[in-house]
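Once you've had a glance at the structure underneath, I'll fire off some questions.
Chains here go by letter, A, B, C and D, matching the order in which they are written, and residues are numbered from 1 within each.
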Amino acid sequence: MSQSEAGVVLAADRHHAHHFNTANEEFDACKQGMWIFLVTEVLFFSGLFVAYAVLRVFNPEMMHEAHHLLNWKMGALNTVILITSSLTMALAVSSTQRGNIDKAVKLLWVTLICAGGFLIVKYFEYAHKFHEGILPGAQWHYEELKIAKAPLFFSVYFVMTGIHGLHVIIGMAIIYWLIRRAKRGEFGPAYFTPVEITGLYWHFVDLVWIFLFPLLYLVS
Amino acid sequence: MSHAAAPAVQHGDNYINHTPGIKSWLGTLDHKRIGMMYLFTIMIFFLLGGIFALGIRLELFSPGLQYMTQDTYNRFFTYHGAIMVFMVIIPLIPAAIGNFVLPMMLGAKDVAFPRWNLFSYYIYICGALLASSTLFLKGVDTGWTFYTPYSIRSSSSATYVLLGAFIMGFSSILTGLNFIVTIHKLRAPGLHWDRLPLFVWALYATSVIQVLATPVLAITLLLLVLERTLGIGIFDPKLGGDPVLFQHFFWFYSHPAVYIMVLPGMGVISEIIPVFSRKPIFGYKAIAAATFGIALVSFIVWGHHLFVSGQSEFANMVFSLITMFVAIPTGVKVFGWVATMYKGSLRFNTPLLYVFGFLFVFTIGGLTGVFLATIAIDVHLTDTYFVIAHFHYVMVGGTIMAFLGGLHYWFPKFSGKMYHETPAKIGAFFVMVGFNVTFFPQFIVGVLGMPRRYADYLPQFTVYNRISTIGSWILAVGFIVTAWNLWRSLKNGEKAGDNPWGGLTLEWQTASPPPFENFLYDPVVTEGPYEYRGDKVYLGKNA
Amino acid sequence: MIRLLLGLFEMNKNALAATVPVAATDVAVSWDNLYWFLVYISLFFFVGIILAMIIFAVKYRKDVHKKPKYIHGHTGLEIVWTVIPTFLVLWIFWWGWVVYKDMIHAPADAMEVHVVGKQWLWQFVYKNGTSSIGDLYVPVNKPVKLIMSSEDVIHSMFIPNFRVKQDVVPGMYTSVWFETKIPGIHQIFCTEYCGTSHSGMLGRVIALTPDQWRDWVSGKKIDVDSLPADPTYPGFRSNHLGEGMPASQGTLTTGLSLAEKGKALTQSKGCVACHSVDGSRLVGPSYKGIFGEDVKLEGGKVVKVDENYIRRSIENPQAEIVEGYPPSMPVYKGLVTEEEIIAITEYIKSLK
Amino acid sequence: MSNNNHENETHAHHILSDSMAYKIFGILICLTVITVGVAQIDLGAWNFAVAMLVASVKASLVCLFFMGLKYDYKENSIIFSTSLIFMTVFMVLTFSDLLTRGDVYVKGPIVPESASGPAKSKFKKAWIATPELVAHGKEQFQAQCVACHGAEGQGNGPAAAGLNPKPRNFTSADNWKNGRKPSQIFGTLTKGLNAMPSFASLPSDDRWSLVAFIRTLGPHEGEKDSDADLKKVGIDPASEDGGGGGEKSIPVGVAIDQMSEEK
């Protein structure tokens, strides 16, 4: 790997856990650990994707009918919100690496606000569904749509978006923790591991949504 | 495997007495202490699962219901299965022995993420306690496989067991993740991939399975919990769902999980044989490759659990064909182990006796696996006692024997004391005899048609069941003798010395018990792990 | 000497044959061929491996063989023991696949019988409208295809003598077929765990000769007692487990008291899967001592258990459920005759 | 410690430049607009393909640049792509079962003909709906159909829960697999469809009466039979019989005899 112009080299004397030889080694290990964790996340969601695919392949008409109950405009709005938060997260990471902590903190706040915005939009969507009786499986009591298995579509919808939403909430907690640590001056060009790996996590949350949006809101 | 510096003079400081007090253990980040904590906890659950097993066998001593109602019996086999699978065999070798030995074999001071290592132990405790708490509630009667729709409708406390298993899954994932990064990043200088001990290879393959498969179990159990609480309907035929889909989800994890259970055992065997034969392992590369081959194939054979479940003919054919290929790497390993003994210089200490037991029992388990992979044969044998016997031959005969072999092998390293050899051999003898008496008759009674999970059976099956029950008592004696002997040895065993067996892997190149950060010098590796040259004399006063 | 050896071999053959159920169909015979092939080839490998292990253990023990040889492997040998098993397992797969196809593809002219699995009994519905519980009546030498579904959870239809097994799944149809050559009784097991009385969910295939079959379809009673017992489980004729059960039959026969007939019926109809006769609680209320008592129903009403209540509970059980029990009993109206209801009532009366 | 894979101890951490980040962001927004736009146009199966392709491109951009895989050790790319491989394995092998499951072929009705003797036609020209025929059809419907199709014929009877696909909702005009003309409904009744068995065992005029009744449940009057349609189900429009068409019913007794005589 070539040393790019903007590249930084971790200070060799930075504090690191005693079982690593260098801070560099520790950083690489942490990053790889996060990547492996993301692998488990993909496979965790894979179960839901398979359940979705089964439903879709065998009930295309139902999927088509049922997805009209979702508001694609809300979904698109949330997509834009999450992509924006991904951008600010990426910028926050690079700002930390360059040592511009004030900027990084601001960007992290923007990320946090975007995440909150995402949840507010989701709240309105959920509240509407609950009100109408569009609920998963056995809870379903929405009279307008009678097509078979429509409740199952919403089971998948609620579980998928629910678990994704849970990831957003966890991400928000971690980002808030990052902000506090950053304010205490714990991060800089020599040490930014938590910011970087939280970034990976946050981009993954975005990644999942990138697939959920067309799969759930844009069935055709 | 050699090292740059000779072991430094011991000054009596080791991981056990490094910091005193129970608190220093509960909050420890030391992989060795965490490994030992896992070991003791798992042994408690092993005892619990064993009691349920004895209860099952007792009830089956005679046809009819003697000691329990059907519902009680159904709870007994569910707890036996769930405890043994989720709480005992899956963490047994990786989390207990692996945690202790792996970083030492790599020449590392600790695993990559010690905090997460401790955290994973407490997650395990939480999950295990949550699941076992149902013993005091309504119990659980779904079988450890939780097949829908029965598991949706069961009025037992299945939800808590599901959540418990879900939580324990994260412990398993974290252990796997930790091991992978440790193996990638923390190897001693000179410890190239082709010099890794085979136990490390086995743990590596196991960790890959844990990381890739366990999340699918997590989502499956979560969906089942939602199915029970909210009625989401994905697996519920009453709501339009597909119960066979649940079986696909479940076995996508649970078949690879079988290899989470057995691969580390194979790794232990690969360690013990060269040391006690004083010979390099026969076909190092083939065995390492076979380990990974098994791990990868394990992901694409799960459908052989569904041959009669309503799975399509085409899928049955595909899964049967792929399953056959599991036999090949397994065969390569067994042949390699036996060939390692050829022209060796064999030392009959207890670990090697367990290896003999393992080879005897695991070969039967493996060969009967071919029966079950053969699709037509499986139709008759599946869900009968033949399957019970088969997987006990693999899981108990394979994993537990390898575990006991490994426990005796590394006991001096764990404790600094040598176990008493004669009672250990008596224990091994009882385990071997008891195991075969218990489970061999089950093959026959299975072929004759006795289905599994039956509280009551036709009188014609009585004689086989009686033999089996008597075998379970012999087996219990074997475990008790072994446990008692090891406990006694902890107290009054002789001092073991750093390397009582003459092992060449790195964990033997430091003090017993090891010092706080494993090595008092920085180990450097210059050759493979089993380079026993015939003309050289190796240390090892006990072997 | 040779004769002795041959004699031993014959004995062994018989002893070995007793470890496998009787093969009552052609498919079962081809299953047996494959099975024994696998047994022998497994024995070959097992003996080979264990023998090598023992020989090495004896010959190269430390005391006699002090200097181990420095060997890392042998590529040729490793290739041999990889390639030969590969071909072998491929062949085994192929053989298994061929037998399996025969096992699951019913001939076009197979007679169809519908099967409903329910916790914890089997119900068989024939094309002529009759139905039976626990006992499946089929003619010999004629392919029979069972079309199966479940009312509640997954069950599994397993007939060891025919070497067939198939899960019975709610929400879908599955099928098995067989053509039995041996008239008489063949045991049926449920092999997919289905709850409390899983081990009580048994049944029998009653394979009838053409004459008996003609009698049965025209509505005549078949004296199951006179039929040959299951050749794999000789002496055991009932299709239900229970304590101290007579080696008796499922359907009514003469020569028994009314209560005895009732007892046989509660076993053949699957009643005792849910109703104990010793006072213990299963799925439904125990029969013991219930007659003449007042019971509280769901909804608070109290009724006296008399002949009428028993009849109503058999014909339309959901209407009057005893408090604290699940409403899970199927409707038996049309499945039991007047005579049978009377017999069952007498039996319940006798259980003080 | 060993750094077998990366000799360079002081390897550089690539920092994403702000301009690059904004560029990627711009592309991601554009792609979102494209997905939404394409979804409004009907391209058939291509809609899904395009949506997935766009999503994959977006995901790759996020992985490569925001998550920095492009500049990272190859190791991490391999690790992450493993997850995708195994997800594919999960999906493909599960579908290898689901897509190839054959329906079990059921020859006759599950509830067989009642033993009331040979079927007699009570109605003449039963393919023409009359009030009497509809009334008779209603009775038949209560007896034969409500369990699955529900009392109002909405496909929501008590037995419908376990069925897939769901029983037909007669009150709606949508999705009738075999069509809504009387002859087509008659054909479905006679042959069965999906989970519904054949009702060929019912006398043909009973079946026609069901057809007549079912057609009163929804907006089906527009669907009329031509003579050719009737001929397809074996009806000669000129004849006077009950509408049995080409098939003949046989008495149960005879059927049983045949059953026992065969072979």
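Everything that follows uses one rule, which is that a residue touches a chain if its C-beta (ideal position, glycine included) is under 8 Å from a C-beta of that chain, and two chains touch if they have at least 3 such contacts.
None of the values given here were measured: they were computed from a predicted structure.
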Task = Please name the chain that ends up farthest from chain A once chain centres are defined by their CA atoms averaged.
result = C
Key: Chains linked by the largest number of contacting C-beta pairs   = B-C
Key: Whole-Å separation of chain centres (CA-atom averages), chain B against chain C   = 34
Key: Rounded Å distance between chain B and chain D, as computed from the means of their C-alpha atoms   = 45
Remark   = chain A and chain D have mean C-alpha positions lying a whole-number Å distance apart equal to 34
Inquiry  = Quick check: what residues of chain C touch more than one other chain, meaning two or more?
reply    = 170-172, 174
Task = Mark out which residues of chain D touch at least two other chains, giving numbers and ranges.
result = 1, 75, 82-83, 86, 90, 94, 98-99, 162, 164, 166
Request  = Name the residues of chain B that each touch 2 or more other chains.
outcome  = 108, 184-186, 212, 216, 237-242, 244-245, 248, 310, 313
Ask   = Within the complex, which stretch of chain B touches chain D?
value = 108, 184-193, 212, 216, 237-240, 242, 244-245, 248, 252, 299-300, 302-303, 306, 310-315, 318-319
Inquiry  = Considering only the defined contacts, which chain B positions touch chain A in the complex?
reply    = 108-114, 116, 173, 177-178, 180-181, 184-186, 211-216, 218-220, 223, 226-227, 230-234, 236, 239-242, 245, 248-249, 517
Request  = Show which residues of chain D lie in contact with chain A when the two form their complex.
outcome  = 1, 3, 6, 8-18, 21-22, 24-25, 28-29, 32, 35-36, 39, 42-43, 47-48, 51-52, 54-55, 58-59, 62-63, 65-67, 71-73, 75-76, 79-80, 82-84, 86-87, 90-91, 94-95, 98-99, 154-156, 164-166, 169, 172, 175
For the chain C and chain B complex, residues of the former touching the latter = 19-21, 30-31, 34-35, 38, 42, 45-46, 49-50, 52-53, 56-57, 60-62, 65-74, 77-78, 81-82, 85-86, 89-90, 92-93, 95-101, 103-104, 152-154, 156, 158, 160, 163-167, 169-172, 174, 187, 189-200, 232-233, 235-236, 241-243, 280-282
Message = For the complex, give me every residue of chain B touching chain C.
response = 63-65, 69-71, 74, 141, 143, 147, 149-150, 153-154, 237-238, 240-244, 277-280, 282-286, 308-310, 313, 316-317, 320-321, 324-325, 327-328, 331-332, 334-336, 338-339, 341-348, 356, 359-360, 363-364, 367-368, 370-371, 373-380, 382-384, 444, 447-449, 451-460, 532-535
